[in-house]
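Two complexes are shown next, each including chain A; its partner changes from chain B in the first to chain C in the second.
Up next is the complex of A and B:
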């Protein structure tokens, strides 16, 4: 590990104050739990001159009812979300995903906002300074070649947050505070398909809260991930599914993926299975659709072909499980 | 170098120190406070050796800035003994061989302490789940789980006797 750069730390008590510090500071970064950012700083990947510690911002913590939906503050810790009875009852996948992030200690101080703004990950990027230097760095940081796809000019580092796909299937929106004021956008709008720069937010924008709508509350949903170590790890592939059954027919089906693209991915084409019973043929078709849209690359120690197979199998299993459970 | 005033309690005692803004909690505890029970293992939040309790919750001291603990209560493994006597957890880790080389032990004990505060009677699954962020290279974990059970048994036997 590297020594930490000589940054200055601010500890604002409101989101507006945090945004102001960001605008006025030299190379600032927002810091909440630090489970991702501090590691990257210590590896020399990030070299901030200013840290803006968000843990004292009260308006960014806690879970509250919002017209039958929920508001979850951006600095709410993951354990609180995983163990919240109201989140478990209304948005099961969100609670399950929050409970699957890293290990129990990380969930005690790692935050929702940190998980949604997690940097993309790659075998050639999340390494120490000397490791990356000896490999001539990489396209994402300080180098010119992507070691995953050397002939291309794109970065394929994978977005590896667990909670994003679960929020996507429940149609979450995020409230962002920035130099230009506050805005509320669908969660998927803050991501783009670029491992180098996967966040489509403006510089200095801060995730104040996540809003889950009443319209998707209580619809059965679930999340599962595949990982190297069962106890503590980033996902090799993660799948969230929301499924409502009406008699023998599927009346609502939404699937989202994580860790297999540079952004959390909404699976397209699931509408084709709505209004019909779910048989083996349909399940196989869902599995194959997921495998086609997942684009895992050699960004983990596990081979891409395996992650592609796994992500399809997980999706098929979850869809089947939610359908059977409502039979 | 930017420095800030840090006012907090460490193991029940109030402290005021001027610390660099970029100082990690683990370095503050070991080098400023002198509480070297907390260990630095992987230095990246993967092994759990640096686990301490901040405001009642387990936390990795190697990924926490000291200044972000302003106004908080930090507890390390040194806080557990009473008048030179080990706590039930410490004694159980000693007697049930939950500690072998001992390097992960302060983190294991603090993670177990955090667990027992919210789940006083954990089963095997609770212990496995809540100690999942702590790595031990010696014991194979069986002895650690037995140690936590033994501490619970000792504490409840003592409470029954009282």
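Up next is the complex of A and C:
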């Protein structure tokens, strides 16, 4: 591990105070669990002069009922979400996804907000300062060329958070606090299709809480990720599915992906399977649709074609599993 | 008194003697020696793979306040290297850099930020040279030489042709040939490289605490590169977070730290990052193997022919020995005479590999055993039957003159076959599940040390004083494998005393006798024997003292460990009383024990380099691996491993079980998930996320059977336990996958993407074949 440079820290007790510190500080960054950010700081990818530690902000921790839905504080640790009976009961995929992040010690520190605001990842980016300098840096940071697609002018670093797709299929909203006040937006609105700059939030904006609606509570859902090892690894591909069955017909089907695009991706075209029974042909069609919309690039050591193959296979498997379980 | 007897420690499961310190965090590793006022060392590394060094300008760095030393290649005129015939590496690049990340300058400063600022202020001017990242590129006709004395970038080519290979193939019922490719792997020991060094300017003395497996080599290389009298150097090995061969050679980190301490005139800690540990490398080389075997219809091996190409790095390191092991260790496990071997160790612009666990043998054994399994399938034979058709009978010498005095492979085979339910389950498992098996072996120490001086292979000193304790002094480097516990057990057993009476001090050049270090699984056999010899010598001294006191001839003294007596009616003398008598006139007792290998164990002369592979004893292992393969994702789950390891007498069964499980597990990493990757010579997997060592989640239950084919010359009959079970996992896995889904893999690691490709290729081929069949029928 590389050494940790010096920086100042603040430890606010309210979100408003945190936003104020951010506005007043020199090159600030919000810090929650630090499982992603501190590694990037050690690697010289991030060079904050000030860290605003969110672990003392009470309104940002904990899970509570919100009119049949749930409010989950942005600084709630992933382990708490994974183990929460109420999350498991109402939004199974969310608990499963939180439980799949990295390893047990990461989940003790890593937070929901951190996982949603996770920087995009790439083999040519998540390296030490010496490494990146020796490789003439890259498009995402300090360089001119994307080493994944040298002829292009786009960055293909992959969004690799596990929890986002699970929240997407349950139609989560996020509460953001920033210099301009507080706003609440659908989760997908904070992302954009650009590995270089995948967050559409304003500078200084802070994820205070995630809201899960009552309307999707209790609808069967699940999440699974592909990875080489059973722990630690970021997803090579991740799939969340929400599926309600009514008799033989599918009455509700939503699929979202992670780690195969620069943002967590809602799979389009799933409505075509609603109002019909699910047969092998439909399952194959779902698999193929997912494969078409996944755009993994060589951002990990595992071949992109494999990630595309497997994301389709996993989507098919999960859809089938949820459908059969309600039969 | 009649119930009194010697305390038994050998064969008793014994927790490691240094366990409490490690478990409680009190153990001192090299980085723990860095105190508040010691300086921080840091290394500037080359951004390019191959270049002439034109200028390393450190003038600005030297001016930064807080910078106490700045060094470049100009500050060291001597090369280093583990093999006396291949010392071509400078601690800091001098005329050329030969791999990306090679050290070019180093600083010592008051803190890490200042040290980094100094590195940032250094400019490196160079003239780039063509760089070669594969063995093929480096061997190309127009490639320039990395080292003048190694024309064609061949570090060493090895050729032997023993027996009549062509005749063997002609007589064989089945001849098969296959090409294998094994990725480069790294040890990823838990502790990144670290050294602490202290230079005493008043006395011109240097003390170094390196994270090494061989303090003796570090001592020699410090003498050489610092051009300092070795009597002024003291090397103390701290506790180590593993080695697995990575730290057998002296590493540049250790030398640079000492150079910085001397230049700064003080104390320097140099603790490198995980990435730098990967860059320093010394793992297992990327290897291409062509294997051809001729087999009779009953499974008897008649001939084998193989070519092995190892991608070495920018410097020689262990290269010559690794390629020699690859050839010689084709023997020693099965009864086969005719083998032809062509080996090539190639220099490339990559970090140098080294002597990783199972040194030289693993990738060859993988190829050999995998091909045996394919041939068994083709001949309709059970893989166990094929092995049993080829067993050796000890005592014997192999056709390349390796000495085999004990051989428990047959018993290993019997146990894993039975325990895994092979006969009932093989071929009858549900779809996607499979069983595979393979065998392996390893040396119990290289019989000919690389630094041949004529000294014994191991020396152990014992000291006994007024307090009645036995101090055991050994140079054997305890690196977590349990060598200090082993030596303690040997001495306690011979004396028949409780282990608590023995204090073991290891690896301090000012205190302990020199040892050749922890490599080639030599320590139990050699140091164990030296410890037994020393304890016997001590026992003689004590027995003679007891005889004097009891007024009987020494041969009438009975040693019961804590009591020495003359006849069963005698009340006898306590150990303390015997010691006091022994100290009379002579004072503190010091005795010594040594061990030297037999000349006939030191390998043959049938080809150049044939001594490599020579050993006093081989360990043997067989294992069965059970897997499940996911048909959609091609993920392999290893459900269970049964492994039997013949280590001769198991001195400490607890430790043996751990070593065997660790070996199997390390083999699993290589077989399934591990492998370095580079981008134009720049390692892209230099961290523990992208270099995928298995986690506990995917680690299977590993059931271990200790087989004890006792060796006539081993300490209490013991042989090695720490390496022999590794290589068998690789072919057992590929065989299990073949059994599960009918796909044969020849490239490792068998990650899900590699396997899915093979599965899809097979599905396409099957479809095509089916289409052709139906076309023919039509």
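Note that the second predicted complex is superposed on the first by the 324 of 327 C-alpha atoms of A that agree within 3 Å, B and C clash if a C-alpha of one lies under 4 Å from a C-alpha of the other, contacts with A are read in each partner's own complex, and residues count from 1 in each chain.
Keep in mind that, in the parts below, a residue touches a chain if its C-beta (ideal position, glycine included) is under 8 Å from a C-beta of that chain, and two chains touch if they have at least 3 such contacts.
Note that this is a predicted model, so its numbers are computed, not measured.
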{"item": "First (chain B), second (chain C), both or neither touched by A:228", "value": "second"}
{"item": "Which superposed partner A:134 touches (first chain B, second chain C, both, neither)", "value": "second"}
{"item": "Touched partner set for A:9, first chain B, second chain C, both or neither", "value": "first"}
{"item": "A:53 touches, of chain B and chain C: first, second, both or neither?", "value": "first"}
{"item": "Which superposed partner A:124 touches (first chain B, second chain C, both, neither)", "value": "second"}
{"item": "First (chain B), second (chain C), both or neither touched by A:103", "value": "both"}
{"item": "First, second, both or neither for A:302, with chain B first and chain C second", "value": "second"}
{"item": "Partner chain(s) touched by A:35 [first = chain B, second = chain C, both, neither]", "value": "first"}
{"item": "Chain A: partner with more touched residues, chain B or chain C", "value": "C"}
{"item": "Doubly contacted residues of chain A, that is, touched by chain B and again by chain C", "value": "1, 5-6, 103, 231-232"}
{"item": "Chain C to chain A touching residues, read off their complex", "value": "45, 47-48, 100, 112-113, 116, 192, 273-275, 632-633, 635, 673, 677, 679, 682, 684-690, 692, 694-698, 751-753, 756-757"}
{"item": "Complex interface listing, chain A residues touching chain B", "value": "1, 4-9, 11, 31, 33-35, 38-39, 42-43, 51, 53, 55, 79, 102-106, 108-109, 231-232"}
{"item": "Parts of chain A lying in touch with chain C, wherever the complex brings them together", "value": "1-3, 5-6, 103, 123-124, 126-128, 130-131, 133-135, 147, 226, 228-234, 300-303, 305-306, 309-310, 313-314, 316-317"}
{"item": "Complex contacts: residues of chain B adjacent to chain A", "value": "1-2, 4, 20-22, 24, 43-46, 48, 51, 54, 57-60, 63-65, 67-68, 70, 111, 114, 129-134"}
